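Both of the next two complexes hold subunit A, though its partner changes from subunit B to subunit C.
This part shows the complex of A and B:
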């Protein structure tokens, strides 16, 4: 599992790469929460290289998103693969955290 | 534009490629030993109330030497040793000797044991589980209902907790003379905490003590669960659930899912499986959310398969990532009788998996609506 963090001008861009199963979440949860939860800027999360999303990963997104929201920030997920989009759809995650098709839409959402 | 950039790498854990020799086991489905497994040695064993029986069940309705299990080429054979209260295989009384197929349920007095065929590592797993995890798994198992082998609704199930123990639970029962409810719950995460949360959910469903819910209305049940179990009050754990109510008179199944993949409805000849979708979000994340139900007509003898994601979220030995469609294809192969079917599917999934132990709990319930 790989987590890539870019601090851009007005937004933090996180790219996740690999299988977000229980082991994968265990590997990145600390750096993810540390980077996202304390961010003073909105966060966009690139899911295009994530092949699988376990329930623990969904929990990580919801919990971190809540920490961020409590501080007035926001997070948008973007570019899920069809497999991950299916999991997000079944769980209704889009009702809790915005999930959009691509980076342009993610930036438009956090900037708009 | 890029001010700073950090990249973390982490390596996957080693895959378990242990050998796949299998052992015949009996798993206690009832009593204080619920969840414990006993291996049947090559020379067989005798079940009785007192020593020198090999497997001692200290119950008043078990005879001193109650029955004998022997191994043959195909599996196990059970012989009643003239017991007072009888030995039963899938609720049929044993006269003389009969085969005990894998997945069949053996009843000795009031004690219920299930025949399983397990790999060495699956067996070792129960020993390796730490005490808290084992206690939590036993707690979940003690609450699971025994299979129903007679009557207008029949059930079979397979529950194999993973080493880490997931948060799976399931249950079923009649709400009244004509309505039968059944459900599966999957709490996010692993460990004793997830399992105990699942027990909490299962208890309100079993005892029907869900404030404001009509237990015969799946949407109302899910909305009440959502109100009772907000994730911020439960260590940030949410859960998914599939809940159905079958009306025996109307032959109608009403159901709702909260973040859970569909259950599947199949005719008795099993040429197809129809997904029973009723999409609503996970339970505990969105306050005051309404949950909608769907319903479907049920043909005589139809089967409903409900399960947790642990049954299909596997990586095969060829590196292929399985999905729910792969699992449904497996469900529809080799029609068997309902008894033993859950075990067959568990063995088939385990045989396909890259690792000899599954990563998540395996929970599969088959409900036949006779």
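This part shows the complex of A and C:
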């Protein structure tokens, strides 16, 4: 499981790559939480290279999204694969953290 | 881990009490799904349900360092994929807790119980029993969870 962090002008872009299963979340939860936790900017998360997502990943997004929201920030997830999108939809994650089709839509969400 | 695959429509795996066994099982689930022509959507649901049920047992169901095991059985027919997860750990019914409420608000969203709630939504049928029989000389199941996924 890999994580890549980019500081854009007004947004932090984090790209995740791999399987967000128990082992994968175990590998990246701390750096992901740290990168979200210190961000003073909104965070957009690229899911296009995430091949699998289970409930521990949803829990990670909820807890980090909550930390960001408490500071007035916002997290948006984008570009899930169809299989990942189905799990996100079944869990209702999109009801509390926006999930959009692509990076342009994610940037529009946080800048809008 | 042992692969006790018996025929093209049935896969049986026995996992040791080690979270690394989840990843080690994946090639077997993938090969089984390919032979059964599950397709990407059902294959993903299969792997998610397996991940949730097996990891839950290994993380919570055994005394640490014990030599207990999880036995997985996947069976397909024309309409369903049935996944049975048995373990010989502590007696525990994961379905006894109420499912978490739907996510409506980030501030109050629960972080616990999400896994079994996800399985309950993906499966057309989900059940628990404490088996009174079954297994073999090396494995006597204490808990059995069965999830049926529609094709």
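We adopt the following convention: the second predicted complex is superposed on the first by the 112 of 112 C-alpha atoms of A that agree within 3 Å, B and C clash if a C-alpha of one lies under 4 Å from a C-alpha of the other, contacts with A are read in each partner's own complex, and residues count from 1 in each chain.
Everything below uses one rule, namely that a contact is a pair of C-beta atoms (placed from the backbone, for glycine too) under 8 Å apart; a residue touches a chain by one contact, two chains touch by 3 or more.
Predicted model only: the values in this text are computed from it and were never measured.
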So, on subunit A, is it clash or fit between subunit B and subunit C? clash
Quick check on the superposed pair: does A:65 touch subunit B, subunit C, both, or neither? Answer first, second, both or neither. second
If you stack the two complexes on chain A, which partner ends up touching A:21: first (subunit B), second (subunit C), both, or neither? both
Between subunit B and subunit C, the one with more contact residues on subunit A is chain B
Kindly classify A:1 by the partners it touches after superposition: subunit B alone (first), subunit C alone (second), both, or neither? first
After lining up the shared chain so the two structures overlap, which partner does A:36 touch, if you call subunit B first and subunit C second: first, second, both or neither? neither
So, does A:82 touch the first partner subunit B, the second partner subunit C, both, or neither? second
So in the superposed three-chain picture, is A:47 touching just subunit B, just subunit C, both, or none of them (first/second/both/neither)? neither
Based on the superposition described at the top, state which of 3-11, 93-101 or 165-173 belonging to subunit B clashes with subunit C. 165-173
Hey, what residues of subunit A end up touching subunit B and subunit C alike? 21-23, 52, 54-56, 58-59, 62-63, 66, 83, 90-93, 95-96
Residues on subunit A engaged by subunit B in the complex (per definition of touch): 1-9, 21-24, 27-28, 31, 35, 51-52, 54-56, 58-59, 62-63, 66, 83, 89-93, 95-96
Show which residues of subunit C lie in contact with subunit A when the two form their complex. 19-20, 22-23, 40-41, 44-45, 47-48, 51-52, 55, 59, 102-107, 109, 111, 114-115, 117-118, 121-122
Give every residue of subunit B touching subunit A within the complex, in rising order. 1-10, 12-13, 164, 186, 188-190, 231-232, 236-238, 240, 259-261, 279-282, 285-286, 309, 313, 321, 323, 359-360
Using the touch definition from the top, list the residues of subunit A that touch subunit C in their complex. 21-23, 52, 54-56, 58-59, 62-63, 65-66, 69, 82-83, 86-87, 90-93, 95-97
